[in-house]
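You will see two complexes here that share subunit A, one where it goes with subunit B and one where it goes with subunit C.
After this line comes the complex of A and B, so read on.
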């Protein structure tokens, strides 16, 4: 009786263990995907911050220019003369756009990190369960 | 084990931070430092370029024209002449250019140089922080490699009265906190039971694995349950066991008295929460007593009984002084004395007056039980 029960338990636990391990694998894959996304996001963010810095520098210089200064914009291979006011407005718009983009990226990064943390938690729990299973099996 | 848990815990640093982990951490920080260093070098290069450009822009308008070699393609140059030496088209960034004079250009370049300098400063500070971190990691790694040990001790008040109490308290608690290796058998049994319960639970909720609330509360129950068990084990082992053993011995000495059956039950009742080992020992003794009993002759028994009653009562008294609040024992001695009184008041007086005297009455036949006892 006892032996049969323990055999039953072993069979049950081994199938359960397999399920758990499969789940763990899935979760780990999800986690690595999330981490990749976060890394990508970070790179984008870095690029945008650099652009923002450059734009702010340009804006500062444009502000310092006198009204009669000639300003050109490089479009493809040619320099096109631009009105200073127009250039100024363009740069401002660009800065606004980049700031908005940065904010969006921050939000997504936060979201992703939250997801990552919860995934990590679940993975930890799964690992603990697997360990307890194995310990129980070793005892039985 | 107990010695170490009495006052604090000793953990080897290697178990907290494995050597490879520490080394890996140190390596990662050093890699970041290398990255930052190359970035810093790049920025410094920009700064020097900027400075030389400022110098050039300063010098260019000093003459109306310059004879130069104009690069043509990758490998060819042809002679040329630089005119309009005070007109510059300066790239502001993001594809914007502005026409500037030499002086204005120099101003722009200087502003750029300032921002570069601030960037260099921040980067240097960053590198310094990282270096401190790296040195910490390296130190940890080397300490781990040396097998350093972390000792944690709870702070205890130095009151002379409370010192003992607290240390005792700690001693009792220490096994509860950590691994109760002392009572492996019981513990293993409990664990097995809990495993069984857990498995049943899992089988029941095989559908919804991701119910985290349930899990966490389950864990909590397990833990509290375990602690409870530990406490019980602790109590039954440390406090009762030794007393019980003494008491059992005493009772067994006089166990050939008529009310044997009752007393046996008493003993087993009291043993309810002692460990199995003790019980088995008691059984052994009982068997022994039962084996002896029928062989005794009735006349010899009465005298013998009186002697034993005295010895038993003596030991009883000794014990009662040490542990005055034990009722079952009192009732027990009472029963013995009752029996002894049945025989003769004189013998009882004699024997109770001096146990040595009764012991020296060698002319009396001595029972096999007593002989064995000696």
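After this line comes the complex of A and C, so read on.
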């Protein structure tokens, strides 16, 4: 009778351990996805930062020009004459758009990093539970 | 290969060849997607350039040849752009055709491999 009970207890504990390990695996997969997402966002942020720098440089150059200066825009393989005021407005609009995108990306990254930290905590707790579980089993 | 809950299935030489082929096709598929994207962007740029030429008053256009801009008569630039557009469109059509063929081959291989390995293999993208 006692042997039957201990067998039952062992079966239950190994089943619990399996569940914990499965949960840990799922959480680790979630964390991996989050990290990929964060890396992707960082990459985009880098790209936008470079673009912002370039556009600000162009704006500085445009501000140095006289009103009657010739401005050209590259469209495909053709340089097309463009109105200075129009070029100025386009660049400013682009800077506005890129700045807004950067702000949005910053917020997204912050949110993702918070999620990542909470996931890491959960994983750590799960690992501790598994370790204590295994230690308990070892003693038994 | 991702381990599922199914029982162990023996992986034959032929299976391994199919898995390798699927991997190669998948890599080529992603390369093609990038190439198609670039070809489409090039086509759009050429279309924009054509439209700008219609609107411009200048008879001599600064046309990019390699690294430099040359002064080229407007009608010649129009002809050149049309030629480039034609070449790009043909290239795009070829790429799209190859992409369709690759997708069909991948679908066929998926069918074969999933039939044998069920959930012991994962051929899906992340």
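Rule of thumb we're sticking to: the second predicted complex is superposed on the first by the 132 of 140 C-alpha atoms of A that agree within 3 Å, B and C clash if a C-alpha of one lies under 4 Å from a C-alpha of the other, contacts with A are read in each partner's own complex, and residues count from 1 in each chain.
Throughout what follows, contacts are C-beta pairs under 8 Å (C-beta built on N, C-alpha and C of every residue); 3 or more make two chains touch, one makes a residue touch a chain.
As the structure is a computational prediction, the values presented were derived from the model and not from experiment.
> Mind checking the superposed model to see whether subunit B and subunit C fit together on subunit A or clash?
Partners fit side by side after overlay.
> How wide is the angle at the Cα centre of subunit A, looking out to the Cα centres of subunit B and subunit C, in steps of 10 degrees?
After superposition on chain A, the angle is 140 degrees.
> Taking the superposition as given, does A:94 touch the first partner, subunit B, the second, subunit C, both, or neither?
So A:94 only meets subunit B here.
> Answer with first, second, both or neither: which of subunit B and subunit C does A:75 touch in the superposed model?
It touches subunit B and subunit C both.
> By residue count, is subunit A touched more by subunit B or by subunit C?
Of the two chains, more subunit A residues are contacted by B.
> For A:132, is the partner it touches subunit B (first), subunit C (second), both, or none of the two (neither)?
It touches subunit B, and subunit C stays clear.
> Between subunit B and subunit C, what minimal C-alpha to C-alpha distance in angstrom results from the superposition?
7
> List the residues of subunit A that touch subunit B in one complex and subunit C in the other.
72, 74-75, 79
> What residues on subunit C touch subunit A, complex-wise?
42, 45-46, 48-49, 52-53, 56, 58, 61-65, 69, 77, 80-81, 84, 126
> Okay, in this complex, where on subunit A does subunit B touch?
Residues 9, 12-13, 16, 23, 51, 54-55, 57-58, 60-62, 64-65, 69-75, 79, 82, 87, 91, 94, 122, 125, 132, 136, 139-140.
> Touching residues of subunit A toward subunit C in the complex: what are they?
For this pair, the touching residues of subunit A are 33, 36, 72, 74-81.
> Under the stated contact criterion, what part of subunit B meets subunit A in this complex?
Its residues touching subunit A are 89, 92-100, 107-108, 111-112, 115, 188, 191-192, 195-196, 198-199, 202-203, 206, 209-210, 212, 215.
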